[in-house]
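Letters A, B, C and D mark the chains in the order given here, with residues in each chain numbered from 1 onward.
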Amino acid sequence: MTEKSPQDNKHPEKPAQQPSTPESSAPKPTPPPAPAKPEEQVEKPPQPPELTLKVCAAISECKPYSAASDCPTVEVIPENLVKVLTALRDNQDFAFSMLMDHTAVDRIEDGKFELVYRLYSLTTLSMLLVSTKIPRDKPIIPTVSHLWDIAEWQEREVYDLFGVLYDNHPDLRRVFLEDDWVGFPLRKDYKDDFMLTLDIDSLRE
Amino acid sequence: MGYIDTKKSTKAKVTTVGNTPINVVIAPRSPSGADSESLLTTIFKSVKSLFVGMKVTIGYLVRPSTVVTQQYPENRETLKMFDRFRGQLRLIKDENNYMNCNGCNFCEIACPNGSIVITDQRNPVNEKLELERFLWRLDSCTFCNACLQACPHDALEWSDGFEAAVYDRRLLVYTLNDYAGPPVKAINRAKKKEDRVEELLATMEPRKQYGGPVPLAGRKMPGVPALETENTKDNASPKHK
Amino acid sequence: MLENLLTHSAFEILTLSDRAAQALAENPWEAAGYTLLALGGTGAFLSLLGMALIYVERKVAAHFQCRLGPMRVGWHGMLQSIADALKLLQKEDIIPEKADKLLFFLAPVFSIIATVLALIIIPMSPSLQVVDLNIGVIFISAVGGFGVLGILLAGWSSNNKWSLLGAMRAGAQFISYEISVTLSLLVITLLAGSLQLSEIVQSQQDGWWIWRGHIVGVVAFFVFIISSTAELNRPPFDLPEAESELTGGFHTEYSGLRFSFFFLAEFINMFIASALGATLFFGGWMPFHIGGFETFNSIMDLIPPGLWFAGKTAFIVFLMMWVRWTFPRLRVDQLMRLEWKFLLPVGFINLFAAATIVLTKLYFFPGQ
Amino acid sequence: MAVKISTLEERISVPAEGDNPLNTQEYFINMGPQHPATHGVLRLMLKLDGETVREVIPVLGYIHRGIEKIGEHQTYRQFVHLTDRCDYLSAMMNNWAVSLMVEKAMQTQLNDRIEYIRTIMAELERIQSHMLWWGVLGMDLGAFTPFLYGFRDREMITDIFEETIGCRLTMNYIQPGGLMDDIHPNFVKRVKDVIAYAKPKIDEYEELLSGNVIIQERLRNVGTITAEQATSLGVTGPVLRASGVALDLRRVAPYGAYGQVDFEVAVGSVGDCWDRYWVRVEEIRQSFRIIEQLIDNIPAGKTMLSKPAKKIILPEGSHYAQLETARGILGIYAVSDGKSENPVRIHMRSPNYHNVWSVDAMTRNARIGDLVANISSLDIVVPDIDR
């Protein structure tokens, strides 16, 4: 039933947290991660990567990400988001000068949007994922567009497709869809009249 | 101001990003400061650069052998496509025109955009499922090759026909099988056992162009009626289930 | 007649207007015939020449770019231009709703009229010139300025911001480069001592001005070529219609026949500029003569003057095409800088030098 | 908290003019979505003051196909072919990004043959992409001839693709777990032929365009963005490198066979159009170097490690992989629930989406001609912006 490709790991529940990923702060990045030795690590409980611990030690508002992730991840509450991201950008130990990516995940079963900010540091070449969760029925989050210029447009994309509202955003408007579009398409409960559903059987009648 | 000599000033050196040493080549700039050239040198180099560019273009004008134009409809006879060219999907047939496909639906499942719709029927003779109609929509096919990859029976191949233009998009829905009936494997097995071969072959029904509703990921295409042409009338819809 | 043509000392200058004027006294019908011939001839010549130039441009461009160009209509696509003309004639004539209808209609007409007016003064061979004005050079400058009016009107009346931008660019560009063109025309006028084009041609029978004027002539020629390319809105100075910037500039809103007027005018203007260049600097229809080599000169005289003229013009046309299909476009401020800071000073210095030469009679071939 | 949501109409409304007669009126003009210089269906609202561009407002979405939404209903294997349709000029690198993400999540170890072929293909793709860009830049700046030269040379490379893969543009070749097909027997010879043919052509490119004084004048000190601006704007790829940041994932975080080859990263020093132009031209040369080092030693081995019929179910959690396409860093972010073949969320960090916004910072107070040069030097592929 749940067959996977050959040589996949036999332990899908184990989060793939490899210290040797290229994004980690290893002094000399190595070619793509060597496969983990699943036998060794399966017994241990998942240990957050080094960078996560460092960040959590330096900035008290962060805590390690609870769910599985393949990249060093910290979790913050929405109120602390701007503070944490400012600290991460300005702290010389981390110096996350690039906001590589910002997007959202619709966790409809929890009633939440998970917003992820993927930071990239040009000095340590490490990557950090900052995750925060906001309620689906009141999706308001402060903007970080004053920290990174690109955040303005990344946030516009998330607003366009998820309907997340960014407080103090300089120019919050739709980016892909028309201004009068109803609904936010990447939400899991989005429906409109022109959506096709994959239903091949109906042709066979 | 100043002319950039593209050949001269590129020099490799090592910088670091993070802790990684990186060999870089730095883009040339026009000489500045102490190295800066006199105005006359700049003008001379600039004017010379224009003539160098003109030399390149006249070089092509005087050598007609450099023309790369292919005169397409005229060279149709000699035009040879690469043997892996993804032109049009077709079913592999053997010398008796029996197909390999037994209608197992793997390609339909693998197809990312519902361009393949397969209907099966149960053969009255050997009670096995067999292909009734293999529909392929060229108009929504993205030529991703997923169907060929997924096919476990080696039943599909690409032909090199690339001239698929038609005037009515409904004509882009192809029936790939020539007949509805048992695949070559079933026929061979029957022949080996010498078991009701004639009867089995008699169940084959010819299939021509498809004339039914155009499938759109399982839906009927809104506003597009079924196509009625001369050669679709005889088998406009699947006969037995 | 033939003798006259072959002996370089006395070319007969007999233009159509001269013939008409002569005939007017004797037979008015003959005069009317000459006028009609001139008008019809000019019209037919205009369209045929335009189509031929378009075909040549396409072929030359294609071979610069490793292509074949038109190959389907006729032998090697010879009739392609006719097919295109027919297509343009059949196209729907679209006038934008908010356009100024009258000016929108008039703009291409202005453009083509200016072209025709300039064309009539070109001496193509001793007997093929419609009008031979004694102020030919001034006339050319004047009607050349009329052409830009069509472009300005087209940009204005289209009621499209892109068109207007293109038209304004065209205006600025034309006014600027007109000065340089005139300066280089003046150089030749000084050297030849006449404003009449036929006399300028006659003055070159011992050597073309590009030789006889040595440095001054060469500089004037290059200034003339650069600034007349700019006046023609041809790449690399095609800012008014820069399609990657202004989507077509002043003729964005034009289609069909009206567009073909602009198109035709552009190509004929290229011919006129080349013909003018050939006339002023390469001796027009005058064969290539070297003072003292009588045998050589008489061999050169065997080639008809019309061919000489056509060959010289074709050379300059080819030069323009070559430049067009090689160079990128300048930016609008660079264009202005080129004119006002480079070509204009050069032109003035050149004019001054030419005056010195004329005063001191320092011609390269002192002949005469 | 009051969140203000604006519309395009409000954004481009011109404020009332003051009484000062010296004020020239600023006006908005619509560039695109059908415009020769906007590379497809990019639409820019320009605030102009005469010829001077005061502000550029990109308006996107004319080719938005909801690929991320479609991806939520497709398996990873099926999603690969959709990424072809984003940045179609680096289609194989897009495929590779998804494959890399899946392989990283599944911890699949690939053999050297797959890695070598992937690397060669990606570099060929980069070369053809840059060749096309080179031609288009020439065309945008008014020289039409380079466009056809670029296309002519690019066709040689797409011929290689067609022989091995069967397609020229959207190839769907690199699959999770390997390659769709083994390379054609002629592949090595053909690649060598193309290298021998195309290397002199790059010198010709230099003569025709790079060395031309008009091009240099058009590109130099136009659209300058500093390294700080570039990092803050999140631009990647040649645009970032032209600003002097040598961030090339092929170097700093090697994937594929990049760890085993020797090449130099082209960087600029100022961050203007000229640097961006030159960085790309130099990248063509470096890509040839990479291919030359790999082409003779492709090891033997399987080219597909997993059977296509097998389901790919990623472990629960979020997965991300990024690589360097011809235009910058492409990241694929997937969230899996660990049960289904389809991702819960799949997101592409597309390089073009991040690059396109820098056009405003570049073009403030420049001319329209500079705007065209800037767009061209960004090397935008609009389907990748809109996805």
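Simple rule for what comes next: contacts are C-beta pairs under 8 Å (C-beta built on N, C-alpha and C of every residue); 3 or more make two chains touch, one makes a residue touch a chain.
These numbers come from a predicted model, not from an experiment.
Chains that count as touching both chain A and chain D, per the definition above, are B. Counted as hops between touching chains, the shortest connection from chain A to chain C is 2.
Distances between chain centres, each the mean of the C-alpha atoms, put A farthest from chain C. Here the spacing of chain B and chain D, counted between their Cα centres, is 23 Å.
Inter-chain spacing, taken between the CA centroids of chain A and chain B, is 35 Å.
Chain centres here are Cα means. That of chain B falls 51 Å from that of chain C. Chain C and chain D have CA centres that are 45 Å apart. Under the contact definition stated at the top, the residues of chain A that touch 2 or more other chains are 29, 122, 125, 198.
For chain C, the set of residues touching two or more other chains reads 64-67, 325-327. With touch defined as above, residues shared between interfaces to two or more other chains in chain B number as follows: 17-18, 20, 50, 53, 56-57, 68.
Arrangement of the chains shown, judged by which pairs touch: an irregular graph that fits none of the line, ring, star or complete shapes.
Listed by label, the pairs of touching chains are A-B, A-D, B-C, B-D, C-D. The part of chain B that touches chain D in the complex is made up of residues 3-7, 10, 12, 15, 17-18, 20, 22-30, 45-47, 49-50, 52-53, 55-57, 68, 82, 84-86, 106, 110, 112, 142-146, 149-150, 152, 158. Those residues of chain C that touch chain D in the shared complex are 61, 64-67, 161-162, 165, 169, 235-236, 238-239, 242-247, 325-334.
The touching residues of chain B, when paired with chain A in their complex, are 17-20, 108, 114, 117, 119, 213, 215-220. Across the interface of their complex, chain A is touched by residues 1, 3-9, 11, 60-61, 64, 66, 68-69, 73, 100, 104-109, 176-177, 229, 231-234, 245, 247, 249, 252-256, 258-260, 305-307, 310-320, 322, 329, 331, 333, 335, 338-339, 344-345, 347, 349, 353-354, 357, 361, 386 of chain D. Within the complex formed with chain B, the residues of chain A that make contact are 27-29, 121-125, 196-204.
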